[in-house]
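In the two complexes below, chain A is the common chain; its partner is chain B in one and chain C in the other.
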Partner chain A sequence: MKLTKTLLATTALTVAAGVSATAQEMANSMTVVSWGGAYQNSQLKAYVEPYLAANPGVSVTWDESSAEAVAKMRAMNEAGNVTWDLVDAVASDAMRLCDEGLAMEIDHDEVLAAAPDGTPASEDFGQLIVSDCFIPQIVYSTTFGYRPDMLPAGTEPPDSVCDVFDLETYPGKRALQKRPIDNMEWALYCDGVDKDDIYDVLSTDEGVSRALAKLSTIKDQVVWWSAGAETPQLLADGEVFMGSTFNGRLFSAIAEQNQPIEMMWDMQSFDLDGWVVPTGLPADRLARVMDFLMFATDTQRLADQAAYISYGPARASSAPLVGKHAELGIEMAPHMPTDPANATNPHIYDYEWWADNRDDLDAKFQAWLAQ
Partner chain B sequence: MSAMTLTPIEKKPLSFALPTICAAGGFAGLFVGTAHGSGLIGVVVGAVVLMVLGYIALQILGPGMERPVRWGIIALFTVAGVLLAGVPGFVLGGLFGWFFAFFVYWIGEGRYRANLAPYLTGGQVLWHYAFRVICGAIFVFLITPILVVMPLSFNAQNFFTFTPEMLRFDPAGYSLKHYQDFFTSSGWQQALRNSLAIAPVATLLSVSFGTLAAIGLSSEHVPFRRAIMAILISPMIVPLIISAAGMYFFYSRIGLQGTYFGVVLAHAALGIPFVIITVTATLVGFDRSLTRAAASMGANPVTTFFRVQMPLILPGVISGGLFAFITSFDEVVVVLFVGSANQQTLPWRMFTGLREQISPTILAVATILVGISVLLLITLEMLRRRSERLRGMSPG
Partner chain C sequence: MSDTTDTGPVLAADGTPLKRSLRRALRAQKMRALALIAPLLIFVLVAFIAPIADMLFRSVENQIVGNTIPMTVEELRDWDGADVPDEQVFRAMFFDLFLAAEAKEHTKLGSRLNYEQSGMSSLFRTTGRRVDNMGKVFQNAFKEISPQFDDAQFWFDMMSGGAGAEGNARLISNQIGRLERLEATTFSGDVGFVPGAAISDILPNTARAYAAFAAFTHFVNEDVVSEKKPWEAVHAALAVDLEEPATAAALAAYDGPGADALRQAAAAELPPIDMKAAFVDANKDWSRIEYWQVIKTYSPPYTTGYFLNAVDMEKTTQGVALRSDDERIYGLLFKRTMFMSLMITFSCIVLGYPVAWILANLPARKANLLMILVLLPFWTSLLVRTSAWKVMLQQQGVINDVLVWLGLVADESRLVMINNQFGTIVAMTHILLPFMILPMYSVMQTIPPAYLRAAKSLGATNWTAFWRVYFPQSVPGIGAGSILVFILAIGYYITPEIVGGTTGTFISNRIAYHISTSLNWGLAAALGSILLAVVLILYWAYDKIVGIDNVKLGG
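Let's look at the complex of A and B:
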């Protein structure tokens, strides 16, 4: 055990120091876990294909299992058989995996490339490094899309998250994610709670009841979704008038599939997605993963990813490099959740609060759903 | 249709014919009305229209004018359909018109009794047709979800939606791009290769072990036959998720998890019960004196098995094999646990695809798989008939 640890540490150091490790030390295949769909495609185009082109003989197998990353990594750990090399996870999952010791702690400055101007990685990513195990890639947001053609005649398009709760002005079904996160905050905000006090109010039992009571006013008009692809499908079908989902999904439906959908960015909820490395990888596989990570998270690669999907790169130094969509040729910056015009009134989602309260609120939310 | 008339038919009184036609019209109107916003209006309009049409056809014009009246009703419904829903309405309206033109005379002239025994009471006649309608409705209920998938797989858009272009039968609304995606995407092709590499080998193992087990268990001198049978059949009875979780932890310990051979073994275990059941059923009709006869002529047991027993139970073996093949080919739970990303099969890919990106490529794959399943089931049915024929000819 001790020997393995020393080996791991030395390998990681060798790679981090930029000493080119010889091919024998690195495994030739990698199993990368991601989300599938347009997001995985952006990763493929922006850094996996270039990496494979630079390293012939290496192969990457995709496993589209990020949605159950936590459960599967627990099972793998229990069975003593870790088959994944690199896992794409949202920040909250990364934190749980880190707390349980299933994801490896990482020294960001040693493992990741510095910005072109020499800024160390930890400063370039800044506050987005929410966990010692987490290597951020993108900032995405959960926000709303709606069908302008389904607006009642003479009505202004919705421009506030509270319009979701306004059934009189905006009749029709809404799609909301089947979890308390975001929905509870939006409900309290629209019930008159000040933005800065939301989590204080939500920490009390009365606050929770108040949020659920607000959600109850629209409950019979809500379609609950659990997969990101559902809301675009429901909107395209005209099954719902408006619905929340990840902004990249809406961008894809609007810009790439030409669906009659509009964005509503008010109170969009920022979240992070990034890599975690499972603990207990053999030295050769770990060396390959570290080599890949160094390449895939550098400034240019993260900016390249934004040419395929409208998620903001997690590095500050990547932002000025964001260009046009790779196929459509439209400027991507105005479609980023972080664009100033879109981020006029964002909701800052509190990871730590949710990490502490998730189980409790999940239980209450599920009980409310079943009523 | 009217080759044999059991009962002389007679014209029915309007007091019976009109309410019946009226009710049928109301029932059809319910669906049309619901599709256009108000079921109630649909019922009323449907009932009134059919009542009027029935009256005109049966009372005013009479059976002499049947042919022109029938065409008139078809034309009327077709025009109404076009006004309501355009091109799809044309097709549906035509079908409705054809049906009601037939229905009005079928009821009014009492033709519905023609092929039934003359002594049946009114209630029995009603039940005779109600039974067929219920069976038809169940059939439609079962088959519609599968049929709906097929046109959607030709959608030109990337959503599971009947677009206005599709409903207008505009060629621009249809495309083969999802089939193209299936045949050109490396992910789907890899999944297809994996499925084709896993299913036949798993089937081969299931058939070999299952047939041997069935033959062994059908001879009387094997102790604990029932208990052994129950254990072998258990993968069929235990909830799949429990088998899968058990296999995951067991295979992980012995290094089979995430390997090709591990998935093949797991699928073979799932397929064996099907083979045992079908082969055991065929063995019931197998005459054991044949093996004794073969033995008396000097054949050893192996020769007897391949030359005498196997040909006779072959239909059971093959149908069991087909079930085992379909089980492996359609299986998603166990492979999610036992397989790793390198063994992604078609159902696995469809499962993750449905969750992460609702793409009609899944529907294209589904359509292809349904086609394959239909072919396999037809084979199965033909084998069953052959086996029945053979059994009819076999001695004893």
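Let's look at the complex of A and C:
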């Protein structure tokens, strides 16, 4: 009797030790960096909450710092203390981080799940894997929203990006993002530069001055935003007449919150957003991140995300699964930036060009802003 | 009687000389006092003095250029800056950049130089991606001459000179040192490779490039050197060595491992080495003299560049010059910061003085109640207070709504009170007001009310009694409050960031931008140092004019 008890106790101890050893292999907490607001919410609903439900005991801490991902990761690297586990970043930032050795190179086929029909991940994502460190999630666009009720009487609603620069027909404040990307392209386009020549012109000093000169014509009417949630807020308050932001934010303000805002899709700027993993993570944290990534970027999860926000899933195999909004029950397809009715005059944003030139243009743009 | 004439030392009760005993007691006391303040002292040293010292150091430090491209810096020393550098410099840049790109450090140098000349960042970035290709031609050429050149072990044997050969330990330790400076770490342990002395005399460039490759493979990639094929840069270095006519002659007499293959390569026709053309092909900006001038100007380990930048000037090869109009922003920002801080201090005095006076002259019970109202903002989060001002001041905000409702302002022409200087001044005055009221109040409390009564009984009017008797006694409170508010205001950045738009921001917003976004810590440190100096100068001026003894924080 005594002997069995001792034996049982020993077995229990061994099992407990074994369990704690496997638990140690994967960290129980993860710091995930994202953009906050409606987008982060779609990530939470589509795969973070399901993942946490499947893995009790794991906790996720959010850091809404994706807009400053590159700067903060540089600073963390400089300080030798990387506190982030997984970072949501736009394609050009991912390329910069990859070049600088701050993001980990990923073997997409090994780390990510294959499509349900067996297509390997690298083919399923295809062209959207623009950098070895980048795991694409969504295709989104930066476009404009405006307040139809604030239009001067008898004026047609704005239908061109150049209406942003037309203060006479469309008076009122505009919200623009506090960075050179997109703003410079729109300025050159509306200054008469051919769409195909925009980046050639922007590569010259004269081109940069020209874009800034065009922006100067509306500078005193611009409210500069840095978080994606600001423009919908400014529009809802009537603080600005029109403003640029990510199309999904406008969708959630219009469709979910019934704000009196309309979309304007002209010269919408296509971009990609996805995950990068910082280099130098300890083995247990890395294992947790990889486990999460495998789950969060599979075909069904990416399609699920599109039920919460109007961004196109990055996997080809997810597209047919996109259906209705999870709560409102409306069809999501007409709200996607890639819908033919919306993509009549899209602007193909050159992330590679921006990865190379971002530092240069940032310096000039910030100096221009401060003046 | 004889006792008093004793000339020996005065003794303490235990027999030791009194002087020594006293000294010991005092020392113990001093130590105890020191131990008591030690936590604070250490805290101040670690949390305050050390960061400031580090900041001052960063504002002049510039070792990154010399650490990333050491050979280029060396070659550029004799460059006159009149024409695009010659092939020699480009070759040095190739070998430097190759190692830096392997270590992924080249973009940092690009970012650093981009602070001085925009365009540098993309120059280093794009070229960093192409350096592999620049060396590829040589790798392919050698492979064609002899397949042995594609073998890792062959290279290892050739460069180490075979078993038992005399080694060149200095070369490998130099390359480890170079890698340590590049990666800003220290490595310990043995690479497992020592270049042969004889081969490194005959092929100096190849030995150096291979040693760098070996150090990197061992320490950074943590691989075994003899199992890894050397980089394209090593092949390029061999081509450079073989280009030298003397090398073939020296090789004729060499009999170490790989000698035959080397002789074969020396006799063969190799692709021409034109690094200059390769660089310009990778990015045409390499042919721009001003870019090279920037590299040369910023190659010393210490620079005044950041400070010059902070006062809208720049270093050129012709000396120091003012920046072009569209790049001059810091002078403007310093002036704006001073002006707005003074405005905020002034409005705090105007608004705070009556409040402090009422507080000081009310009965204690009521004064305490009012005091809570003054302190209430202290207990509210700064962000909440600032965001509240946003709601108040915006065009569709509370104040504008009330004005429109009262008919004072037309609906179409609502006042713009936010995202400009006005917004910043209003919000910051509110936030800093308690710092003005509290010192004023504590000084005013000590002014006996009898003085005012005496003045009036001697025939002074209310105004004269206040102005000639009361006010001068309250000046120390105003002084203390003003110094507090001004110094706090000058370094504020959260509130201006939220309500200041682009015209209502301070120099501290630029410092924050450089610290957290552009990561130009050197410039941020220089701006911070200038701000510190300005505050100290103002403090000194205040001491000269008003006298710092006149400042009172309390009775």
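Just so it is clear, the second predicted complex is superposed on the first by the 341 of 371 C-alpha atoms of A that agree within 3 Å, B and C clash if a C-alpha of one lies under 4 Å from a C-alpha of the other, contacts with A are read in each partner's own complex, and residues count from 1 in each chain.
The rule is simple: a contact is a pair of C-beta atoms (placed from the backbone, for glycine too) under 8 Å apart; a residue touches a chain by one contact, two chains touch by 3 or more.
As the structure is a computational prediction, the values presented were derived from the model and not from experiment.
Visitor: Put chain B and chain C onto chain A via the superposition and say whether they clash or fit.
Guide: clash
Visitor: Look at A:163 in the shared chain and tell me whether it touches chain B only, chain C only, both, or neither; answer first, second, both or neither.
Guide: Neither partner.
Visitor: After superposition on the shared chain, which partner residues are touched by A:35: those of chain B (first), chain C (second), both, or neither?
Guide: Only chain B is touched by A:35; chain C is not.
Visitor: For A:237, select first, second, both or neither according to whether it touches chain B, chain C, the two together, or no partner.
Guide: In the superposed model, A:237 contacts both chain B and chain C.
Visitor: Check whether A:363 is in contact with chain B, with chain C, with both or with neither, and answer first, second, both or neither.
Guide: After superposing on A, A:363 lies in contact with chain C but is clear of chain B.
Visitor: Who does A:99 touch here: chain B (first), chain C (second), both, or neither?
Guide: The answer is second: A:99 touches chain C but not chain B.
Visitor: Of the partners chain B and chain C, which touch A:75 in the superposed model: first, second, both, neither?
Guide: In the superposition, A:75 touches chain B and chain C alike.
Visitor: Per the contact definition in the header, classify A:291: touching chain B only (first), chain C only (second), both, or neither.
Guide: Neither partner.
Visitor: In the overlaid three-chain picture, which partner chain does A:371 touch, first (chain B) or second (chain C), both, or neither?
Guide: So A:371 only meets chain C here.
Visitor: Would you mind checking which of 20-28, 200-208, 398-406 or 488-496 on chain C runs into chain B after superposing?
Guide: For chain C, the clashing option is 398-406.
Visitor: After overlaying the two complexes on chain A, where does the chain B footprint on chain A coincide with the chain C footprint?
Guide: Comparing the two interfaces on chain A, one with chain B and one with chain C, the shared residues are 75, 78, 237.
Visitor: Where on chain A is chain C touching in the complex?
Guide: Of all residues in chain A, those touching chain C are 68, 71-72, 74-75, 78, 96, 99-101, 173, 209, 219, 223-224, 237-239, 355-364, 366-371.
Visitor: Quick check: in the complex, which residue numbers of chain B touch chain A?
Guide: Checking each residue of chain B against chain A gives 157-161, 187, 248-249, 252-253, 257-258, 340-342, 344, 352-358.
Visitor: Tell me, which parts of chain A touch chain B in their complex?
Guide: Residue list for chain A touching chain B: 31, 33, 35-38, 61-65, 67, 75, 78-81, 83, 227-230, 232-233, 236-237, 257, 259.
Visitor: Taking the complex as given, what residues does chain C use to touch chain A?
Guide: 103-104, 107-108, 110-111, 114-115, 118-122, 125-126, 128-129, 326-327, 329, 332-333, 394-396, 419, 501-502, 505, 510, 513, 516-519
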